[in-house]
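Structures follow.
Paired with subunit B in one complex and with subunit C in the other, subunit A is shared by the two complexes that follow.
Up next is the complex of A and B:
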């Protein structure tokens, strides 16, 4: 068990005394009549790997550009290490950014690209050479130093871009879809490498991504964005297990949703009447008033097959297997239930497939425990 | 299936012949001994020697080159500024009017440009005393007005293809706006600047109509001298001069091509 102090070092956002390194205070950005970023506030702490996650057009890239100083917010302030940097131009901010297109200077060699930022700081030549060597070494691209960007592969360009943005030893690095242009295999390897690098250098990373898997693997915390607003900020586990709204529940992974209203509350559990089956008993983190309309969200892998349809069994649904998708390690079953809707259930293939019990058109009973899902109020 | 290549090849040969046989003939006849341009009587370099003694022709050539170089340089500066305004500022007051006025010289007949500028220069001389008389200055100004438009078109095309994130990256790495322009934008649009310069140079060297309007006594450009001498019968000296110009242009194109290749 980690002690409280350790926990607060690992999860500084839990510590009420910790000062955020980057504070976004009620930032809004309008393009014409469109709100690209709508009243967003965020606290990001030193050493975090923070991800802004959302589909394209949700404002995550605009927010990143505001942090870099490439866009000026219509309202709100940005603080870095307690200092208001809203009016500080991009070239004076202690922040560096890795662009989605990498934006390598095509008329300069790899070495010159990495050296560019150091030259702007008027560092002496010997120090520049040393720093460039160190960066090329860190990203294992020393042998590419004389090449031009158009002589590099996508993965190599990504490394050069990273080396260039790290060369000035920024305290805060912004990454716009850092792995977006890489193919799947390379992406998976690079994910771990990026996290290792971030931990080793102790730099605060803020990344933008539309790939939920990427955000889940790399981040200390994730902010899920939609239509310029932040829907939820939390650790990957909390975002997945305890979404606070329907959008987040549906955006991350798959989920089964049942609408209903609260008919009874006992302790930290509520009884919810829905259009399907018997009332469902779920754990709720907030006390709920009787009659509140709620949505129950249960992940497919939290559901299991019931051996018997007990009369007193809660959270049970009867249905017929309609679709089976075999994915090797798991199988996804789509079960048609009483009101005609489909419920998705994932089962690990413990036995070889040929010996599996479930087939098409088979009648089954699905069940889940009261702690295996969340009650969403909206 | 056997492809029939002869018709295509024939067309190619005809096309090249149409373009280059006149130039080759001109070069060949510059080494002709005869005074008659159309009759070959033997190899000689006497017309080159005579050309070097023809002070009027040499003065005109030198004036034309000076005008062309000054014009090209200033047109590149102004044309690039105009292109920048159009590409980088999608909305400013009077943008449509600015764009129209900038491109108008591309379609305006030379006679009208020449005449209107002549009227302007005369009025200015009477009104404010500048430019005093007509010559190098007035011809250069006249040439800039239309070559600037060509430069703007060329630079604008290149500038609008430029990835803005390159400049943003430079700024993010600590370069101030002017530094970004010098270290990133200019090197990347340099090919367009070079071709714009060469285009403006050629347009100026080539111009007869506008120059005739705004030139004064004692400022006769090369096209004006050649044109007036042709009316009295072509001297093979003109052939010799033309050969030298072709040689110069070919050299310039080769040098430009080589420098481009090294950049890549």
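Up next is the complex of A and C:
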């Protein structure tokens, strides 16, 4: 078990005394009448690998561009390491960005691309050469130094772009869809490499992605964005297991939602009468007043088959298997329940497929425990 | 697995390839090489009072004896007479300075058009192309009306009270520069515009992100990447201006003697076709040199590629 101090070092956002490294304070960005970023506040700590996750057009890229200084916010302030940088233009910010398209200079070699920012800093030649060598070494692209961007593969370009943005040792590295242009295999390998690199250099990373798997794998924390607003900021585990709103629950992974209202409360558990007919007992992290309309969210893999149909039917659903999707390691079952809606259940294929018990049109009873879902109040 | 067989027999393929390569070569041969050879041939003849007005290059004189007479006098004259030399130098000077002026004026214009909003861009481009709808000759004549001593420009300046007596602009070298820059500016702007619209704005953002102020971004990213457009535009201006005849003739004065005008005089007034042809050949040779140099340079720029 990590000690409290260790925990606070690993999860500085838990420590009330920790000062945020990057502070986004009520930032709004309007394009005409459209709010691209709507009153967003964020505290990001030193050494974090922070992800802004959302579908396209949710404002995540605009927010990143505001951090880079490529856009100026309509309202709100940005602080980096305690300094207000809101009005500092991109060229004087201690921040570098890796662009989604990489934006490598086509008329320069790999070496010259990496050196570009260092020349801007008027570093002496010997130091520049040393730093470029270091970066090329770090990203294992030394043998490509004389090539031009159009002679590189997608993966190699990504490395050059990364080397170029890291060369100036920025306080903050912004990455816009860093793995977006890579194929699936390369993406998975690069994910781990990126995390290792970040841990080794200790630079704070803020990335933008629409790929939840990518965000889950790499991030210390994730901010889920929708329509210019932040819906939830938390660790990948918390985002998945304990979403605080319907949007986040539905955006990340799959989820079964049951609407109802609270009819009884007992300790940290509430009894909810739902539209599907069966009562459900769930753990709630907040005390809830009787009659509050709520949505119960249960993930498909938290569902299991029940041997008996209990009399009270709490946390149980009866239905007929309608669809089976066999994915190899797991199978997804869609079960049509009493009120006609479909419930999704994922079961691990412990036995070979041919010996499985469940088949189409089979009547089943599904159940789950009070702690394997969340109660959403909105 | 068997590879799919080529659907066409080899002979047809070879034929179609020959036709594909042949047509442009045929075109070049017919409309460039052949006229060039004819001009070269005339330049080696002597003027004569005949139709055509030059002596034939070869002659059959009795019993299958072929007499070939090459007259190098024309080339010697072009080299010796300082008139021709100064005309050449003057032409090159006018072409060089006008190309620079066109570049200085045209680059900001092309840049502004390329970065303008989509709708405005179409209008601005139209404004550049619009003058072409009027005859080139009429547009040059119009400049006479503007530049002459009681013309629009002088009247306007006097009306403003900036000058008391009219400036002599028409029939000076200045008028030639005004006419040339005005006429050839679109040829500089259009290739530059085509080049600059292709510039990825993200590159400038990357430059800014890496610490470049806007001017530095222009110098280190925009300018080097638009070099191909600068070269293309400069060639399109420089080459025709060297041989320009109409503008120096109409707007220039006695001191603005250019090869094109000299050529015209030799050809039509003096009816000395061989000398005119020799002038044309020398001019071509002079123009090929910078062209080859440019090509070398471009090859070197792309030299890093396999």
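Heads up, the rule we're going with is that the second predicted complex is superposed on the first by the 375 of 378 C-alpha atoms of A that agree within 3 Å, B and C clash if a C-alpha of one lies under 4 Å from a C-alpha of the other, contacts with A are read in each partner's own complex, and residues count from 1 in each chain.
Note that in this section a residue touches a chain if its C-beta (ideal position, glycine included) is under 8 Å from a C-beta of that chain, and two chains touch if they have at least 3 such contacts.
Because the structure is a prediction, the values reported are computed rather than measured.
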Superposition on subunit A - do subunit B and subunit C clash or fit: clash
Which superposed partner A:70 touches (first subunit B, second subunit C, both, neither): both
Partner chain in contact with A:99 - subunit B first, subunit C second, else both or neither: both
Touched partner set for A:267, first subunit B, second subunit C, both or neither: neither
First (subunit B), second (subunit C), both or neither touched by A:124: neither
First (subunit B), second (subunit C), both or neither touched by A:202: neither
Partner chain in contact with A:164 - subunit B first, subunit C second, else both or neither: both
Contacts of A:109 with subunit B and subunit C, given as first, second, both or neither: second
Common ground on subunit A, meaning residues reached by subunit C in one complex and by subunit B in the other: 68-70, 89-92, 95-97, 99, 101, 103, 105-107, 116-117, 120-121, 150, 164-165, 168
For the subunit B and subunit A complex, residues of the former touching the latter: 163, 165-166, 168-176, 179, 183-184, 187-188, 263-264
Residue numbers on subunit A that touch subunit C, as the complex places them: 68-70, 89-92, 95-97, 99, 101, 103-107, 109, 116-117, 120-121, 146-148, 150-151, 164-165, 168
Touching residues on subunit A, where the partner in the complex is subunit B: 68-70, 89-92, 95-97, 99-101, 103, 105-107, 116-117, 120-121, 150, 164-165, 168
Residues of subunit C defined as touching subunit A within the complex: 200, 202-203, 205-213, 216, 220-221, 224-225, 304-306
